[in-house]
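Just dropping this structure here.
So that you can tell them apart, the chains are marked A, B, C and D in the order they are listed, and the count of residues begins at 1 in each.
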Amino acid sequence: MSQIRKAVLAYSGGLDTSVIMKWLQDTYHCEVVTFTADLGQGEELEAARPKALKLGIAAGNIYIEDLREEFVRDFVFPMFRANTVYEGEYLLGTSIARPLIAKRMIEIANLTAADAVAHGATGKGNDQVRFELGAYALRPDIRIIAPWREWDLLSREKLLAYAEEHGIPVEMKHRQGGSPYSMDANLLHISYEGRHLEDPAAEAEESMWRWTVSPETAPDAAEYLDLEFECGDLVAINGQRLPAHELLGRLNELGGKHGIGRIDLVENRYVGMKSRGCYETPGGTILLPAHRAIESITLDREVAHLKDDLMPRYASLIYNGYWWSPERLALQKLIDHTQRAVNGWVRVKLYKGNVIVVGRDSATDSLFDSTIATFEDDAGAYDQKDAAGFIKLNALRMRIAARLAARRQ
Amino acid sequence: MSQIRKAVLAYSGGLDTSVIMKWLQDTYHCEVVTFTADLGQGEELEAARPKALKLGIAAGNIYIEDLREEFVRDFVFPMFRANTVYEGEYLLGTSIARPLIAKRMIEIANLTAADAVAHGATGKGNDQVRFELGAYALRPDIRIIAPWREWDLLSREKLLAYAEEHGIPVEMKHRQGGSPYSMDANLLHISYEGRHLEDPAAEAEESMWRWTVSPETAPDAAEYLDLEFECGDLVAINGQRLPAHELLGRLNELGGKHGIGRIDLVENRYVGMKSRGCYETPGGTILLPAHRAIESITLDREVAHLKDDLMPRYASLIYNGYWWSPERLALQKLIDHTQRAVNGWVRVKLYKGNVIVVGRDSATDSLFDSTIATFEDDAGAYDQKDAAGFIKLNALRMRIAARLAARRQ
Amino acid sequence: MSQIRKAVLAYSGGLDTSVIMKWLQDTYHCEVVTFTADLGQGEELEAARPKALKLGIAAGNIYIEDLREEFVRDFVFPMFRANTVYEGEYLLGTSIARPLIAKRMIEIANLTAADAVAHGATGKGNDQVRFELGAYALRPDIRIIAPWREWDLLSREKLLAYAEEHGIPVEMKHRQGGSPYSMDANLLHISYEGRHLEDPAAEAEESMWRWTVSPETAPDAAEYLDLEFECGDLVAINGQRLPAHELLGRLNELGGKHGIGRIDLVENRYVGMKSRGCYETPGGTILLPAHRAIESITLDREVAHLKDDLMPRYASLIYNGYWWSPERLALQKLIDHTQRAVNGWVRVKLYKGNVIVVGRDSATDSLFDSTIATFEDDAGAYDQKDAAGFIKLNALRMRIAARLAARRQ
Amino acid sequence: MSQIRKAVLAYSGGLDTSVIMKWLQDTYHCEVVTFTADLGQGEELEAARPKALKLGIAAGNIYIEDLREEFVRDFVFPMFRANTVYEGEYLLGTSIARPLIAKRMIEIANLTAADAVAHGATGKGNDQVRFELGAYALRPDIRIIAPWREWDLLSREKLLAYAEEHGIPVEMKHRQGGSPYSMDANLLHISYEGRHLEDPAAEAEESMWRWTVSPETAPDAAEYLDLEFECGDLVAINGQRLPAHELLGRLNELGGKHGIGRIDLVENRYVGMKSRGCYETPGGTILLPAHRAIESITLDREVAHLKDDLMPRYASLIYNGYWWSPERLALQKLIDHTQRAVNGWVRVKLYKGNVIVVGRDSATDSLFDSTIATFEDDAGAYDQKDAAGFIKLNALRMRIAARLAARRQ
């Protein structure tokens, strides 16, 4: 295989990808371009620049970009249009960020004439798949370097030793053993895996959670929110229109304050194993039932059921890394088409971990017709006698079968 | 059409079905058999007996039966094996009771040589469909009388006038306008529809809820439960084995105490309209995530996904009244087969409306293999290099397509 | 219910709808507008005009329209994009014509300020449902008159008597008992039901078939066709570009000549019964495998599988009359999106009932990459070693389960 | 990784697996057990014994087994219960044989205390996946040797050179270039891939086909068959009950004689590429429509539709090698459950490539009720007026939506 000349590295600024940055240069003797994306993980990303410079990256090869709005507008919100949940529980906070990083990595590779991309995901997880499927789909000849599948620095000790040996700055926390958890954060969620959590029977420690207070310590007073939707997307909170990422940020604050959005689960990874994960998704946990509620009065029944039937498949596609696949795009066409009618508002009440939908309406698209549904006299809007024929014909096939069964006895 | 000789009436003991009991005798000149079932609705059912006697029913034609255990064991629990939820929210509390009533109505019709059954469901709702599809499936030649679709007593005033005229006892509450809501209750839930709720934008009144305290007034201290499952069914709470209906009753108490299980939604009825409903399902709201949690470590990924893909269809079948259909039975075969492995325990924490799964394990059936999933050294249990080939082949079709797209530009 | 002023009748020119035309005027005392559509059924439709005039229809109220091109272009071809087959066999020839007739009936009702539509479909079949669901979806307040569900002319004798009594011309064939079959024809197919066919065990008589010769009497020499597709639609035969309906007409001739497209089946009607039907669909029977073949080299695997998974649902929607439903439109969005890549040609061989695909290719969109698939040396286009990892990770969940099972023994 | 002691080789007796037999001994220095299965491929398998002996295999290590009955009874017939077709065309003839070979390989490995299995499938195809997923599922610690992914004998020339060098007998046909096609045969089909077929635009040569005459050269007289089914399986032909494999063999003869069962397609392999394949499946091509036909009168509509909806998924599982997966087993439970009612007979006419169903009936399980479906007077079996209510309620949601749309304009 031909040599690699230039590689774009998804660089977080942390220890692991700093080691990779050095290792790439030493192992592949290639130029390295670093790409650090702000997806709302809440860290100071400019700190990555001096680190990269110090480890030999040319100033022009350091890309630090704020992708927060694109992330929420073009990835998170489209996904929520489908009420997407993986395995009944997981809101796909990590999964949905990867395709954007993959896309931007490839764009930077194209800009810088790089022939490879590199990432710091391990060989056991889903993220390697998500990065690489995206990269291959967007640039089929790209070379991919996944150091965790190649090198022998498979323990924390070896990694630290390599860092010390090569002059890579190591923060005190890493020397002391680092965080007890493997974490990932962006505007949609923060995740925790590993260590203590590897025993699925053990309760997560309260000290682990970072974005939400516990329900117990959340305020004693409930808070109501009015959420406004247009074409299935949240556009305003309490009447205030904001860009997508600011809306989600605001929901995160509110959810976090009210102890909303913690989840503790065992999930099935695409690579074949079960894995325990804990997640905080405060804003998403508010958004999901609110979106369902606005759909509940604006979507046709069969359209809603079609979406529900397809959702698990769509969720698996995202979880497994197929955001850039043609089948995800085809499903998105259908989903987006249905959302043209999803306009209106939803009122939710936040209280100590609860998100309670208390009202919903649509001035333009409500299919709720109280003149028909009423228990009172409906002035002929609905002829109850129609129901007899409806039931009789729906029962016909079962009656024929039952008559046959009776004859046979 | 031939005359009706004897009709079995699903008799609640309330005003509506008392009027029906009289109306049936007067209109069809037929003998009436009353059937009153205890499904855990929490009312004194023996009160129905003197009422029926007073209105001319022969003592031998009054059936009052405790179906609580059968209801939970053979209907509720099988449904929960599929993690069944209708339209993302509704736990099908009313829907799942109807097929049992239909079945027992038909059995009593067979026992008493009746040629008809009658019920008090209106012509706008789902319940008429559920009763009648069940009845037709189990006895294809049965005659069905649905007075609400036939008579002209379509307002409360006319109903009361009829009652007074025919000597049917009317309780004070009915004279005063009756309950503001149309309600239905059984061991799985209590439901509210109508009146104030007919405006989907209006918040439900706190005074409406009957089974649960509000999260605000629930205890300040959380409570942990250990739930034990065998073949997908709950068999013990905190180590205490109980019959199915007692387990669900216990969960209802605990859920109600902790403000768990209120839901407020707009649903799509089978008869074609949208309808606002509020439900309290305290026990079911605990059971659902607990069942998901025990499945999460005992079910194979693809089996779990297959179940998730089929669930909305299974839920619609139950919602629409097809419990006794051959397609529901076929799906149940698949579902039940998968549950043989669903054995183990789940720990949940109840707190002010929250049901939080904090741990789960299975001594016999756990597919969670921490030696593989671990972030630590796995001693060769998993070869990370395998992932490269896995990704490459999964990406192949997208790479071929991308190469074609590139050539075309 | 208010009186009907003016009704648009779907008028074939035949005996049944002629009787209806008269009956409508006599029964409803309403003005009648007749609508006769040429969908390629192969009859002289202008003959309907003098008949209508004779029975009292105003000249300006007689609509005779050639809808052949719209029918094939906007209904048949979109349906074939999904490889649509109902219950594995039926190409939906009748079903796909009804929504166009419903649409045009409503348009004419709007043009003529009519408040009702009427049709000649019986109360046992699917066509009433297809007409009426379409009509209601396109004009929700339309009144629908279905004489077969209302009148008492339920036998042929009564119908003939009514005709004679009211001066409706009766052709000799009707006096002699009429056709032994209930038939329907359009550019996609001709159908036969009833009489002799009501015994599902009995073979259809050779004399019944009208559009195709039998395979036995078809030419002894095969004929090859080159079919060209653009965006999933047939656009040319043997290099000759023609409008959609002329292409289908040409395929019908060719198929008919070669004994292609007879089918004999028992289908499940939406109204709940099983029904024996025989169909001739010569052109469609050529088109279906040809479309599949061009998709086979141009569609991504997972997109193709997604379409296959959704096809039965889409087929049922069309069969059941839901062409104008929002869920059909949503599915069509997905389907049409996938067809942008479906460009190329297919060669088929027609011979005595057989349609044999013998070659296919696409100059612009072929995803067939012989450098990868080859059994010969591929010069590194595909690394066979990748397969080991692919298999290992796909097997992982089953290995973990098997290890657990082994430990348990 | 520890050394391999003993490997079970799936040994066809042909050149490739003879070379593998030698190569295994030389490369892994392991004992080799050969397993040669008769699946109806129509070759003399005992010829494999002296070959194996000559190449150093111990007499007790040579397994030659007749698996034909098990193959058809436990693999082919269960698959046909689902009307299984992959990608609309392929009857899975190769796919369905692999799981049986995998199972028996593992059983022999267990019997002989072998720690590995080896096969001759290439690294580009589906068969490696099918063998290995089966093997891993049945014995998770098995070692798998796939020489085509490991060695460097990647051209025919190298293979022949290796054979000559190691004293492996080479037949004249191989010296002359061997068959122009890669072939696989068993009782269900024979397949052709490679060479000339690698151009999807090129018609297959007539000389390629081995099991069927061409429709052109098939007899001029049609032949009728009566096929009898019990629980969804074929049990008798023309009244003669035979074991499963003899029935399929008989259908193969009849189909082959009448030019039935050739198919030429481009399929999507699980490993990610498109591939051109030609198949002869004479018996299966008769069996499939016959099974559909007997289902058409014995299966409930919704059960049949459920099966149709699940079929593509079931087909993909088999195609991709997941026969031994828990999800295939779960689906099989559902499928088999539905087949209890699938009893009766079907008459088919075979003529020059055509399989024409001309009649079907069931003495015990027919749901076809001609008293209801009839176009004649049904004496009240079905009330046509019921259809009005049926349609009205099914239309209700669309009418509400249309009214909203009208108001908005």
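In this text, contacts are C-beta pairs under 8 Å (C-beta built on N, C-alpha and C of every residue); 3 or more make two chains touch, one makes a residue touch a chain.
The structure displayed is predicted, hence computed values, not measured ones.
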item: Third chains touching both chain B and chain A; value: C, D
item: Selected interface, C-D versus A-D, where C-beta contact pairs are more numerous; value: C-D
item: Mean-CA-position distance for chain D and chain B (Å); value: 42
item: Averaged-CA centre spacing for the pair chain D and chain A, given as whole angstrom; value: 40
item: Distance between the centres, which are taken as Cα means, of chain D and chain C, whole angstrom; value: 32
item: Shared-contact residues (touching 2 or more other chains) in chain A; value: 268, 271-273, 300-302, 305, 313, 325-326, 366-367, 369, 372, 382, 385-388, 390, 392-398, 400-401, 403
item: Touching residues (chain side chain C, partner chain B) in the complex; value: 300-302, 364-367, 369, 372, 382-383, 385-390, 392-394, 396-398, 400-401, 403-404, 408
item: Residues of chain A that touch chain C when the two form their complex; value: 268, 271-273, 300, 302-303, 305-306, 313, 322, 325-327, 329-331, 333-334, 337-338, 393-397, 400
item: Complex interface listing, chain B residues touching chain A; value: 83, 87-89, 122-124, 128-129, 132-133, 136-141, 146, 148-149, 154-155, 182, 193-195, 198-204, 215-216, 220, 222, 262, 264-269, 271-276, 289, 292-293, 296-297, 301, 304-305, 308-309, 312-313, 316, 324-326, 347, 351-354, 356-361, 366-370, 372-377, 382, 384-388, 390-392, 394-395, 398-403, 406
